[in-house]
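Chains here go by letter, A, B, C and D, matching the order in which they are written, and residues are numbered from 1 within each.
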Amino acid sequence: MSNAASEAASSAIRELVDANHILFDQGVVDGFGHVSVRHPERSDRFLLSRSMAPALVTEADILEFDLDGNAVVPNGPAGYLERFIHGEIYRKRGDVMAVVHSHSPSVVPFSVVTGTKLRPICHMCGFLSGKGAPIFEIRDFAGPGSDLLITSGKLGAALADSLGEGPAVLMRGHGSTVVGTTLRQAVFRAVYTEIGARLQMEAMRLGPVTYLSEEETIGTTKTISTQYDRSWFLWLKAARNSAMSR
Amino acid sequence: MSNAASEAASSAIRELVDANHILFDQGVVDGFGHVSVRHPERSDRFLLSRSMAPALVTEADILEFDLDGNAVVPNGPAGYLERFIHGEIYRKRGDVMAVVHSHSPSVVPFSVVTGTKLRPICHMCGFLSGKGAPIFEIRDFAGPGSDLLITSGKLGAALADSLGEGPAVLMRGHGSTVVGTTLRQAVFRAVYTEIGARLQMEAMRLGPVTYLSEEETIGTTKTISTQYDRSWFLWLKAARNSAMSR
Amino acid sequence: MSNAASEAASSAIRELVDANHILFDQGVVDGFGHVSVRHPERSDRFLLSRSMAPALVTEADILEFDLDGNAVVPNGPAGYLERFIHGEIYRKRGDVMAVVHSHSPSVVPFSVVTGTKLRPICHMCGFLSGKGAPIFEIRDFAGPGSDLLITSGKLGAALADSLGEGPAVLMRGHGSTVVGTTLRQAVFRAVYTEIGARLQMEAMRLGPVTYLSEEETIGTTKTISTQYDRSWFLWLKAARNSAMSR
Amino acid sequence: MSNAASEAASSAIRELVDANHILFDQGVVDGFGHVSVRHPERSDRFLLSRSMAPALVTEADILEFDLDGNAVVPNGPAGYLERFIHGEIYRKRGDVMAVVHSHSPSVVPFSVVTGTKLRPICHMCGFLSGKGAPIFEIRDFAGPGSDLLITSGKLGAALADSLGEGPAVLMRGHGSTVVGTTLRQAVFRAVYTEIGARLQMEAMRLGPVTYLSEEETIGTTKTISTQYDRSWFLWLKAARNSAMSR
């Protein structure tokens, strides 16, 4: 970031650093995965760490990108190979203010099976569509021998199309991408997508599952959307008190 | 609480704070879930934290409520949306002195399946009825498009009816509520409901399961009821030594 | 213990305290479960903590019992309800120098199913009999409505009969008891019985399993029996560095 | 090591100590398992700890061996019983610079079942062959009653044959061995073999699985091979900040 970062941008950067640490501490990201926030003053830009493990990100590591995935300050450190996920979703979805991409372990299995969709199993996961999360099959866009990564604007746009108007898209053999209208909502959804996937796997082994109805996904999402800060400040304390913060 | 809290009330508050921290440290609650205790001197009131993550609760956060879920001291901080769970159970069940509501992860799967009941699989879980824990289907009381939460006295009363005379009731797509004649018993039961659910899921995948007989649930409950303090003080030390207490 | 404890007894007590802490840190015991060692100088006595959570045991908590389960020093603190497990096994099995009783979570499921036995799935678990661990059904000895606990010498003797000449016996709806010719062997076996049970559950879900042959259980046990200290000192450091030791 | 260890050897030893600690902290090894690196200046030698738990290894514990598994400095501390795994793989595979042998818990189940192979399920595991990891059946080489361990050059050579040109070989009822062209690659592969095995077990329970195609394993491996340091330095910080490092 330039030295002239506004107060709004500085505040966004600080919260983005916290989000990186929370997502690691909650088991959503490991050495890989990334989280971005749209620039608070320029809707055609977003903030994202340079290419590194989220747990280790500091304010100095946050870069500013345009929607094509170009760093605003040239000749800086390398960005994530998959920064196009973020730019293309911000381009297509004016409502989205934050994006989390991860390989969270309970979600990957749902990305590689047919006939079983990730669905909203409890009120905390009501934001997941009752019809099941879409799965992005990269073979349809990058051919049969890709590296499965979203390494171009073209692939990012295809992923954004697959996401549609929803909160989450699974990526076959790879992971998932979750969005929010605020950073805290996106982080909340990323954590509870992982939790919900785990619950669904366990429930399916017990017998036929009653998922939330479409109406219930609306009701629960409305109520739970008032509660993000309760988790945010808990997770923030947990991340700051963790061994990784020593 | 008013400054004039009696010694009995102060003692109950301190133990309730410990219970909040224990339930988080043992994985029963995360940012959500709550635990209450009936007021030691006024059976028509109960003590419960303001709306916040249990791990962060301090004595100053404990509020006093009447059984309708109204805070005794007006214009205070917001209470939990679902405080009606507590009030209505205390109203209906004179024997109950403490209530734990949670989304503990091994129990939720049992709330969404039909044909498989949560049952007592070992002596530590003997308090679970041999007939299987009842499941509260909120659609029967709040219609097909609710937010699944117990946000009124009417819904709280329906949940209390579903609980009946038992120790636990599952809530479809939501979680569970466990009660006790003491706070330590309720906490013990909440932890071992989660443990028992996990054991049952694993056992069912191995083959046909022999559950405790009705007679055995009585025998084990009687003996184990003398042992709560052994777990309580272990869990208390674990919570106090945890990273969250730094 | 009396002040006149010999050096051998004092050394045994110190190691027994370590064993308590290790078994908790490795997830074999929680608030419940217990470990004993035969008295190094009197084969008709054994050392066992007073009734308390293993993680919190100190040298001052270790009591001396005769094989009938009577404390040698009268009017002391209460012993475990199930101390008869230890006394009766020491009586029947002259080769046994240490006993671990636990409810370790991956083993309990094997205690409640028929048709699936806990078997040696890898070289670290070679000590488990190729024929599968026996299951003690307490209904056969205490009737249909017991508390499932080994609360008398008669039940302890029946459990010891069920154990036979083996290293481990499962107890239906309860847990397991593992023995060793040294304390370190018994602790090692208790940890790896839990690990082996977990591995077997996972493997059985993948397809038909090749277990160790009877010959392989002999070969692996002979070799691994030279390696206990490698785990012991690792686990000891882990226990001492854990949050519970602060 | 002799006092005259070159700078290159000293550097390799320091990194090897880090690798030991990382593999423990990431759950790949427990008290058992070992990791080696080929000597940086003598391709006919390798560096490996004396026989001890990896978490406790220090620079002073690293020994130098020839490819027959003989310690270069005689009369030193005992080496691992299975050091022949390392020597024979280095002999057969000139491209291999590091070897990890472990009993990582999600991989062992795949070693004991027939009809289900460990396969590349996501881009992070693309290095696993699309045909499935080979399984080494020691009965074919050591007869029906062995201790399952690779305790001779002959068995090590047979294991190396089974590994072939691949990155990993499973060992029935025992564990796995993973190799790399650098130490960081071998450690990365060992961690992600464990993660991939866990993901595959979960996915198989959900429905038919789409694995990476052969072409995709090539594409993903090429890209991910540029990213090892991102995980390495994260894991190194985690290991150094862990309770075991106090």
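The criterion applied here is as follows: contacts are C-beta pairs under 8 Å (C-beta built on N, C-alpha and C of every residue); 3 or more make two chains touch, one makes a residue touch a chain.
This one's a predicted model, so the numbers in the text were calculated from it and none came from an experiment.
The set of chains in contact with subunit B as well as subunit C is empty. A straight line joining the Cα centres of subunit A and subunit C is 46 Å long. For the pair subunit C and subunit D, the distance between mean C-alpha positions equals 32 Å. Across the assembly, subunit B contributes 205, 243 as residues in contact with two or more other chains. Taken together, the touching pairs link the chains into one ring where each has two partners.
Across the complex, subunit D meets subunit C through its residues 30-32, 51-53, 55-56, 81, 103, 105-106, 108-116, 144-149, 172-175, 201, 204-205, 243-244, 246.
Residues 121-124, 126, 195, 198-199, 202-203, 205-213, 215-216, 218-220, 222-224, 227, 230-231, 233-235, 237-238, 241-243 of subunit D touch subunit A in their complex.
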